[in-house]
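Several structures are given next for inspection.
Each of the next two complexes has subunit A plus one more chain, namely subunit B in the first and subunit C in the second.
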Partner chain A sequence: MTGTFVGMPAFPSAARKALSNETLRGNLRYATHTIRAKRAGAVSELDDWAALREAGREIKDQALRHLDRYLLQMEEAVTAAGGVVHWAADADEANRIVTGLVKATGESDVVKVKSMATQEIGLNEALEAEGIHAYETDLAELIVQLGKDRPSHILVPAIHRNRGEIRDIFTREMSEWGRPAPEGLSDTPAQLAEAARLHLREKFLRAKVGISGANFMVAETGTLVVFESEGNGRMCLTLPETLISVVGIEKLVPTWRDMEVFLQTLPRSSTAERMNPYTSMWTGTRDDDGPRTFHLVLLDNGRTDTLADRVGRQALRCIRCSACLNVCPVYERAGGHAYGSVYPGPIGAILSPQLRGTASEIDASLPYASSLCGACYEVCPVAIDIPEVLVHLRERVVEGGPVVRQGAKVTLRPARGHAAERAAMRAARWAFSHPGALRAGQRLASGARRLTPRTLPGPGRAWTATRDLPALPPEPFREWWRRTRQQEAGRPAPADRGEDQQ
Partner chain B sequence: MSSRDVILGRVRRALADVPEDEAPYEAAVRRGYHRRHGRRTTAETVDLLAENLADYRALVHRTDTAGLPGLLARLLAERGSTSVLVPSGLPSGWLADQPAEQVPDAAGDTPHRLDRVDSVVTGCAVAIAETGTLVLDGAPDQGRRRITLVPDHHICVVRVPDQVVSSVPEALDRLDPSRPLTWISGPSATSDIELDRVEGVHGPRTLEVVLTREG
Partner chain C sequence: MRVALFLTCVNDTLYPDTGRAVVKLLTRLGVEVDFPMAQTCCGQAHYNTGYRHEAEPLARQFSDVFRDYEAIVVPSGSCAAMVRELYPRLGERARAEGRGDALAEQLAPVVPKTYELTEFLVDVLGVTDVGAYYPHTVTYHPTCHGLRSLRLGDRPRQLLSAVRGLELVELPGAEECCGFGGTFAVKNSDVSAAMGADKVRNAASTGADVLCAADNSCLMHIGGTMARLGTSARPARAVHIAEILASTEEEALA
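Presenting the complex of A and B:
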């Protein structure tokens, strides 16, 4: 997975930096609290929410537990409907396949629907290296792309930007990419959206190649499903002559009927709407309606490794609704960039280290980017027990043990001595030294309280055996920050940690 | 070895713990959720559809078969539309009263040409009351997916009560997944800028729904 941001510091230091950015924190707090409250309302409309959640969990589990069968079924159905199926074991292979397909069309511009899978593999950069310009067409992705920035939220990638910043980005950058921003552009959302409409429409109307991901694939019928709001998705999925969809193998559901569950749970969990404005479903190609050529690239890139972990595999149920981000006290304060991957927040903390392994410092620290309050589990529409996986991954980091990397069994070395303790404690201390984070984070469900760590798992246990984890700090944050930063200034970097091939 | 074999091999090794005789899919997924939420009369279901459509900022009108051509003519005139896209199977009487130029949905039309048309009028496959959703399936009275996307004004005619269902599960029962399906709930919208909802980014900025009683 190439999604590690170059030079990205480990979570605690990235988070500390984010904490000092007042604008970022203000934007984030407003956004997460707004979505959170709306979501609760949308969910309470359905008195069978618990049953829908349970069905969603079971459907995705069944798909995962028989994934080989459903992948073959999907391949057969798509092929029968006139599509072409490709298999990509890793990011490089997926990028090679897509680049080759675009080149074969003779085009040098492509329009893109917001897709986390293509961000995960760094597709835009790979295309750019071959002289192909990829235009992001989701408004938030456009803001991120024009701002030469990184997405910070699954659903609203530009959540960290306010309207003034967006106006400045549009005014400064749009002319570099196509139609410039209108003269005297104001910072009202309506005017900003209009500027994006005009800027992108000229791209949609002449686009010959579209690239997308998918929210779901239906094995039984070979159908792909994309949820969206703006209509940019529909533009990319229906106007071009060639459509290439890059989809993680975990996006499968077995039957058409299964969509009745996710069409109810995904919109309510993500945008807090009864239904998102547009959903497109297509099966292969169709004479005279939509692209004449359709390619489906099935992406592994660490997913089969994740599947091999019996505790961790539940992360593959994720339908990317982002509800867990919006309730997470750590995400709210640290922001999406601190996670150093395209998957931020609680789901990122368990998915990224599994997809990428925990060899890097950022990935080793991600399982600690949580107060284990359990709010993420409560809202998750497919009931992923994120705290359970976090604890499991913490143990992996500090104790080592068998894992699967790129299909091969390897033994992860325990992080050595003090290095492990330091990496763990720096992260844990960060979460526990923020009274707000901790207060908001007390797990409410009594049965889950056991997950709030009184002691650290693994080697860290020795450390906590003789002392409690830091209580609410008696000193104000700013003083704490100054003090601990000074302490850390002279410290060596944590020892690297590696994997041994068996 | 092909990547297909590599991936399938990894999947099978990863799932070594899954017993061969695990309960079949049908038994493993409990569908304890409702087929629909609440009890409603047919009239109440149509009312709920109207309410939820309006809640998502679609403009809702009601008429009957006799009143439909007049209403469509009025809506197009109020909008100042000089051209209207017409799917091949739209009932011929629907647009009898309106003076705007009728542009047939043609396979050879470029997106640029579609962009110059003011409005589009279509039927629908099914409408879902609980969510305020219209589903189009490309049937002759609905046309290609792009014609309800590029023009800025979409008028969708729903025959009530025949085409109205209560819930998402009921809608899926009626739909054929081999057809291209477009689910529409209100006009195009974005909340990407400080979560302020703005209608109409790329799809039609105005969605009008005409609930037409047959007879």
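Presenting the complex of A and C:
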């Protein structure tokens, strides 16, 4: 029942809508600024932060470089521990596998936790189509699901909602899906949490099938790792008889020891905690504890293609801490939905157009959803140079070029709608390559400066709608330089020499 | 010292006062300044909008024009960052595309010699008191490329603090982007305008007369927003740091 992101409009128009919603802007501003300040404090406690960041980057790069080998190692280790590994090339295949596995259990209800990968592939909708109800158990996911909404943040999917809105959603919707909200529910955090706890407990105790994601997979031991704050994940991971984990292949790290780094950097970057309240790790099955059957679905869905791109592949290092969202001035104002994907914010702006390609309007607009201020790169605990990838993807949008799609090399044509811009860029480049032409243009503009309108036509209107234009000076600098040097030297300026050498 | 001024295409065309201020300031500090007339644009707008192949000839031209100077001074954090941070990347990308080392080699000479103005004053000339006089309350906005690409740190603040008559007040949310971002200001104009409005609101809360920065592109956006909000708005002006540092008791600017 969660809404999907299919057919989203381009980023600027989606952002415009969000900007006009004062409640949303207030909620977002308050939440991001609070987490932002706390994160800075938690990070500054560690004097080896820079070294940890570098180590995190290296571990992930090493894993990605030999991903084929580590994935096979992972499969072997999981199998040896009593689990079953499935490989899914795309969303359809993953949905088919999971739906088949659930159907084989004969159950029609599943509990879910911590899985952006399943949202990426639209698993809930696929299950629903087969008569299987999937219940989200993460508190924020529950709010999103009950509200028939879409997630808008990596870590706090309901960040766009305030307490009053959440109370209304609980009161209105909970009874449809199980235990109703208590009478006279208030909007205090304690009461809201209690209502969710009671509602969810029934689901946990009844569910025979759990579906999860994972923050990490350790190739060496075949272990999966989930970081969480509420303990609901642990319920999902231990109570059901069957556990199905759907995990993107880039979540792999080579060794158990590698977790040492991420156990420090992930909680501090995401929730500003020294350590997150629950870290669950599971390896295959055991006779006397936990699920009796364990399936791991390894999801590609565009990741191998992304790995083929020299500049863009660093996006796969992401550990989904959401620090980049919380510092991003664009995310703060546009809101998470404008990014048209389960991955919003700066990381979404570089991940979605790589995983999905740049063919749709929204995906072609995402690389431009940034002022390139660089705040995201600065906070990223695995040092993903998001601005670099944004510019790289802009190039792909306007110039096309070679990419890998479903394993095959293809040459993209430039996206439509950039013809006028391309012509303007070429013309500007031509003028800048001919200083004489630039000078003539400047003189012309200075001569006509009294005619400069207050509002511009065409794309310039976007500027003058909210900002005045600077007044054109009577004389560009180079005219002044030439004139004054000429006077000083009492002779013709040497300036014309070499001015048009190209 | 043979120093070249790279003024940038935006300053040359729209903000010649900034250029005159840099010349006045450096001359006062005993630096001989040249303005090579064949200079135009570093190619940043092309590069950042995705037209890397249009930026390359401009980078080559920049390198040819400036390669023989001892230092190249740029009164713009973002254009200095283009040369220092992104020219090497242009070379790397050309290499990765099988075009050899030619571009990297052609661009390399100018990269380490290019300095943003405040960096040049503090690091190369070793001065923080440039003998300026500016009797106003000023708040400083550290632009993103100056802050995060060039890591200018507190150099601009050191320079401003030494200006006689100037009262420096802290800008709340100083490190947040003003929302200019080159073509971003037009392509995502609504978000850009919202960011600009917040920057102006924060600046107004300081009660300063003047907002100053080391990049006229950002100032064009911030100043344009201020102007639209009306003449009673404070700060009343957005001024490039060079113009403040060039100002003296005998010859006060603005």
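In this text, the second predicted complex is superposed on the first by the 410 of 502 C-alpha atoms of A that agree within 3 Å, B and C clash if a C-alpha of one lies under 4 Å from a C-alpha of the other, contacts with A are read in each partner's own complex, and residues count from 1 in each chain.
The rule is short, and it goes like this: a residue touches a chain if its C-beta (ideal position, glycine included) is under 8 Å from a C-beta of that chain, and two chains touch if they have at least 3 such contacts.
Here the structure is a predicted model, which means the values were calculated and not measured.
Asker: Taking the superposition on A as described, I'd like to know which of subunit B and subunit C A:93 touches: first, second, both or neither.
Answerer: First partner only.
Asker: Return first, second, both or neither, reflecting whether A:329 touches subunit B, subunit C, both chains, or no partner chain.
Answerer: After superposition on chain A, A:329 lies in contact with subunit C alone.
Asker: With the two structures laid over each other on chain A, which partner does A:394 touch: subunit B (first), subunit C (second), both, or neither?
Answerer: A:394: touches subunit C, not subunit B.
Asker: Once the shared chain is lined up, is A:369 touching subunit B (first), subunit C (second), both, or neither of them?
Answerer: second
Asker: If we overlay the two complexes on their shared chain A, which of subunit B and subunit C does A:48 touch? Say first, second, both or neither.
Answerer: Only subunit B; A:48 stays clear of subunit C.
Asker: Comparing subunit B against subunit C, which has contacts with more of the residues in subunit A?
Answerer: The partner with more contacted residues on subunit A is B.
Asker: Touch check for A:232: first (subunit B), second (subunit C), both, or neither?
Answerer: In the superposition, A:232 touches subunit B alone.
Asker: Once the shared chain is lined up, is A:204 touching subunit B (first), subunit C (second), both, or neither of them?
Answerer: Touch partner of A:204: subunit B, not subunit C.
Asker: Have a look at where A:378 lands relative to subunit B and subunit C in the superposition and call it first, second, both or neither.
Answerer: second
Asker: Once the structures are superposed on A, label A:15 by its partner contacts, choosing first (subunit B), second (subunit C), both or neither.
Answerer: In the superposition, A:15 touches subunit C alone.
Asker: Do any residues of subunit A touch both subunit B and subunit C, and if so, which are they?
Answerer: Residues 310 of subunit A touch both subunit B and subunit C.
Asker: Show which residues of subunit B lie in contact with subunit A when the two form their complex.
Answerer: For this pair, the touching residues of subunit B are 2-4, 6-15, 17-18, 22, 25, 28-34, 37, 52, 56, 107, 110-112, 115, 128, 130-133, 138, 144-146, 149-150, 168-169, 172, 177-196, 198, 200-204.
Asker: Subunit A touches which residues of subunit C in the complex?
Answerer: Listed in rising order, the residues of subunit C that touch subunit A are 7, 9, 11-17, 19-20, 23, 35, 37-41, 43, 45-55, 57-58, 61, 89, 96, 144-145, 147-149, 175-177, 179-197, 220-221, 223-225, 227-228.
Asker: Name, in rising order, each residue of subunit A that touches subunit B in their complex.
Answerer: 27, 30-31, 34-35, 45-48, 51-52, 54-55, 58-59, 61-62, 65-68, 71-72, 81, 87-89, 93, 137-140, 143, 156, 158, 162-163, 166, 189-190, 192-193, 196-197, 200-201, 204-206, 218, 221, 223, 229-232, 234-235, 238-239, 249, 254-261, 263-264, 271, 273-283, 286, 288-290, 298, 300, 304-305, 307-308, 310, 313, 404, 407
Asker: Quick one: which bits of subunit A touch subunit C in the complex? Just the residue numbers, please.
Answerer: For subunit A paired with subunit C, touching residues are 11-12, 15-16, 19, 310, 329-330, 333-334, 367-375, 377-378, 388, 391, 393-399, 421-422, 425-426, 428-429, 431-433, 435, 438, 442, 445, 459-460, 462-463, 465-470, 472-473, 475-478, 480-482, 495-502.
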